[in-house]
Every structure is written in C-alpha cells, then in structure tokens.
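Dumping the structure here so I can ask a few things about it.
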Amino acid sequence: MILAKVVGHVIATQKCDALKGSNLLILNALGDDLTPLKDRTYVAVDCVGAGQDDIVLAEKYLALNKESYKAMSIVAIVEKVYRDVKGSKTHE
Amino acid sequence: MILAKVVGHVIATQKCDALKGSNLLILNALGDDLTPLKDRTYVAVDCVGAGQDDIVLAEKYLALNKESYKAMSIVAIVEKVYRDVKGSKTHE
Amino acid sequence: MILAKVVGHVIATQKCDALKGSNLLILNALGDDLTPLKDRTYVAVDCVGAGQDDIVLAEKYLALNKESYKAMSIVAIVEKVYRDVKGSKTHE
Amino acid sequence: MILAKVVGHVIATQKCDALKGSNLLILNALGDDLTPLKDRTYVAVDCVGAGQDDIVLAEKYLALNKESYKAMSIVAIVEKVYRDVKGSKTHE
Amino acid sequence: MILAKVVGHVIATQKCDALKGSNLLILNALGDDLTPLKDRTYVAVDCVGAGQDDIVLAEKYLALNKESYKAMSIVAIVEKVYRDVKGSKTHE
C-alpha cells in the first residue's frame, strides 16, 4: 500500500459498471517526510469515507474484496504516522 | 488508476482473442498540472467510448470484470478535475 | 499494455511448466517517439507469432486467459501507430 | 518481493474489513547496500510478527493466500543477507 | 518478466506458509547490456534450481500456477541471450 494525501476529486459520468456510485478521489503519493511527491498522482475509489486533505492508505493492485474486483482503492484513513528513522516523527 | 489523455490509437490485426473487437487507444499519463508526462505512454482497451484528447481514467492492473480478464482498460471519461493543492485548479 | 519492439530472444531449457513450448522474446519498451527507452528491457511469452523488430503490445500484468496464467505476454502485433500530439505522426 | 526495513507504523481506525485487526507497518525499500532508498516508503500488513528495524521481505502484489486477498504483506523476517557481488557482504 | 542475475540469497526462518521450504534468492535486474542496474534488487522464490551468478527470468506479478499463488518467482534459467540491436550481441 502507499501513503497518500487526498488532493481533490474527479467527476466522470461515463464510467464502467464497477465504478458506478463510487467517489473518485485524487491522491498524491507522499515521500519519506510526508510531503507530496511530484507527478505521483493517482485516482482511487473511496471505500472508507475519506475526504479532502486526509492522509490515507491506497492499495494499487488487487482490491481487498475477492468477489468484486474494484480499481485502485483507498483502504484506510490514517490518524497517526510513527516513523522512527533519524529521531521520532509523528504526524498528528 | 491513472489520469491520462488519449493521444492516438493503434491498428493491430494480429492479436489475441481477448483483444478482438476492442478499440486500442494510446494514452499518455498526466502530471500534477494535467500535462502529458514524457515517455509515460500506454495502450489500453476502451470500455467507455473514449476519443481523441479525452481525459480518462485507466486501470493498469486487474480488469474490473472478474470473469473476463482484459488488459489495461480505460474505465472512465473525466469531465472535471478538482485539485485543491496550492489554490483550487479546475479542468473544464 | 506497453508499446515495445522485439529486439531479440532468449534460450532457456530449464523453465517452469507454464513456459514450456513458449517463444521467449526480448522486448524494449518504446518512448513517445517510438524509439527504445534505455534499460527498459523485458522478456515476454509470444502469443501472436511476433518476430524480430516487430512493434508489439505487451501486457505486464495478468495474462488474458483466466484459466492458465502465463507470464508477461505479447498480445498484439502493431501495424500502425497514430499519435496526434504536436502534429500527426504515423508509424508504417 | 522487495527487501525493506521496518521504520515505523501507522494508526488507522477507519479501514476496510480486510485490514481489521492487522498491524500496519511502514517499510522503506533497501538499496544494493541495504540502506534505505529515498522516497520508497510503503505500508504493509504484518503476517509474521515483524518489529521496528527488522529487515523483511514484502510482497507488493498478490497476497499469498488465494482465498482472502490482503494488501501488500510482510511475508518473512530476514536474519541474514548473503550478497556476493564485488566481494562477499553479509548482514548480521 | 525481467532478466536478472542471481547475486546472493537470504536466510529467513520466520516466514509465511507459502514460502516454507523455498529457496529465497537475491536478484539484480539487468540493463540493456546485461550488467546489473543500481538499486534494482529483488528477492524471488526459486522454482527451477537456479544458483549464484545464473542469468534468470523472474515473474514479478502473478505466479504461474493458478492454484497456489506464490510471491515473485524465478521461472527460467537463461543459457543464451540474442539481442540484435546495433549489431548482434550473444551472452554465453
């Protein structure tokens, strides 16, 4: 999974069935210091009610529900990031 | 999924069964400012009637229909992109 | 799928069952101007009778036949590429 | 699979079912010399009891259990790395 | 599939079931001239009896056996590489 930030959303009326009714959020992958990486933009189906500026986990490959394969999905909203390299760093 | 622009198409008579009857469109992945990224070209099966210069969503991995696996597919035509980093940016 | 050029082949007698009897062709991914990209070499199973110097489509992820999963496969031989960015460009 | 180092963890109460009850560890992919690569951060589900600073193997694509697809998973804790290019290098 | 060279192995006693009994070899992806690419290290399950310094094919995505999904696997040992760009190049 990648750590990403919700930076927007897209409107798409013409879409395949599996995406119907889904919120399509724009994600920017985050670097080691939790800042957005240049040109690392994705669009993902929201499965957990994520919103603008949320830090989330997105699964790029297989959806987590075997019966209905969905595209890249937001699978968690992150409250805290504990990264302990070169001194502890916590994201509130 | 990636945000991409339709920049052309390919003609291929000799192809495997799963691609028979499919439109094969050339996509260029888009950067943060929605301009084409250099050397990030893909070819995808069109599932939603996309055309030249459309901004689309393409799913690089699993097709969205579990029974018939298709290659990389265009799964939505994007009408609007709302990206709210450093001031709002809307794509008409 | 990626656009690639067949630039050679490999000989491998010791291989797993799924590759037995397959032609293993060396592909070089192509850039926007259809020239080979540096260090973007793959080896793919040929499914359509591709040969040296052919421009092909290769599917990096799931094979297109759900019953027997194959590795990265060449799924089409491309006759023409119509890319209409900055003036029309056709590959014969 | 990639060789990575556990550099932290995330807290996420709002997450999809498949992640419920899982430890979500932050991984930094390692380079040839086993030092962390810049901006190559992932989050993976722990399946083997890995902890802070462990060197692990993570599978980015399919989970190893066909019935229940999980996201990117830590599949092994590495005790020793024997890399024999330009003189033997052992990681204790 | 990628062309890679076996450059070592890892020892991991704590690992998930699907890896039990498997040889875990360290692979370095190869560039156009068959020399190792920097920081392109993977670990793969050996399925064909590969050994140190062998040139191999590794499948990064789906294992080739639909019933039991395994992680990234070495699927062939390469004896000869015929690459015919800018003059023929043969690897013995």
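All chains are identified by letter, namely A, B, C, D and E, in their written order; residue positions are counted from 1 within each chain.
Here is the rule we go by: a residue touches a chain if its C-beta (ideal position, glycine included) is under 8 Å from a C-beta of that chain, and two chains touch if they have at least 3 such contacts.
Worth saying up front: this structure is predicted, and the values here are computed from it rather than measured.
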| item | value |
| --- | --- |
| Chains contacting each of chain C and chain E, listed by label | none |
| Steps needed, at fewest, to go from chain A to chain D via touching chains | 1 |
| Homomeric contact chain B-chain C: same or different residue positions, threshold half | different |
| Rotational angle, Cα trace of chain A fitted to chain C, multiple of 5° | 145 |
| Distance between the centres, which are taken as Cα means, of chain D and chain C, whole angstrom | 31 |
| Where chain A and chain B are represented by their mean Cα positions, the distance between them in whole Å | 19 |
| Residues of chain D whose C-beta touches two or more other chains | 61-63 |
| Contact graph of the chains (line, ring, star, complete, other) | ring |
| Round-the-ring chain order [start: chain B; next: chain C] | B, C, E, D, A |
| Chain D partner contacts - residues on chain E that touch it in the complex | 7-19, 24, 26, 28, 36, 38-39, 41-44, 52, 60-63, 67-72 |
| Chain E contact footprint on chain D (complex, rising order) | 1-3, 30-32, 37, 47-49, 57, 59, 61-66, 73, 75-85, 89 |
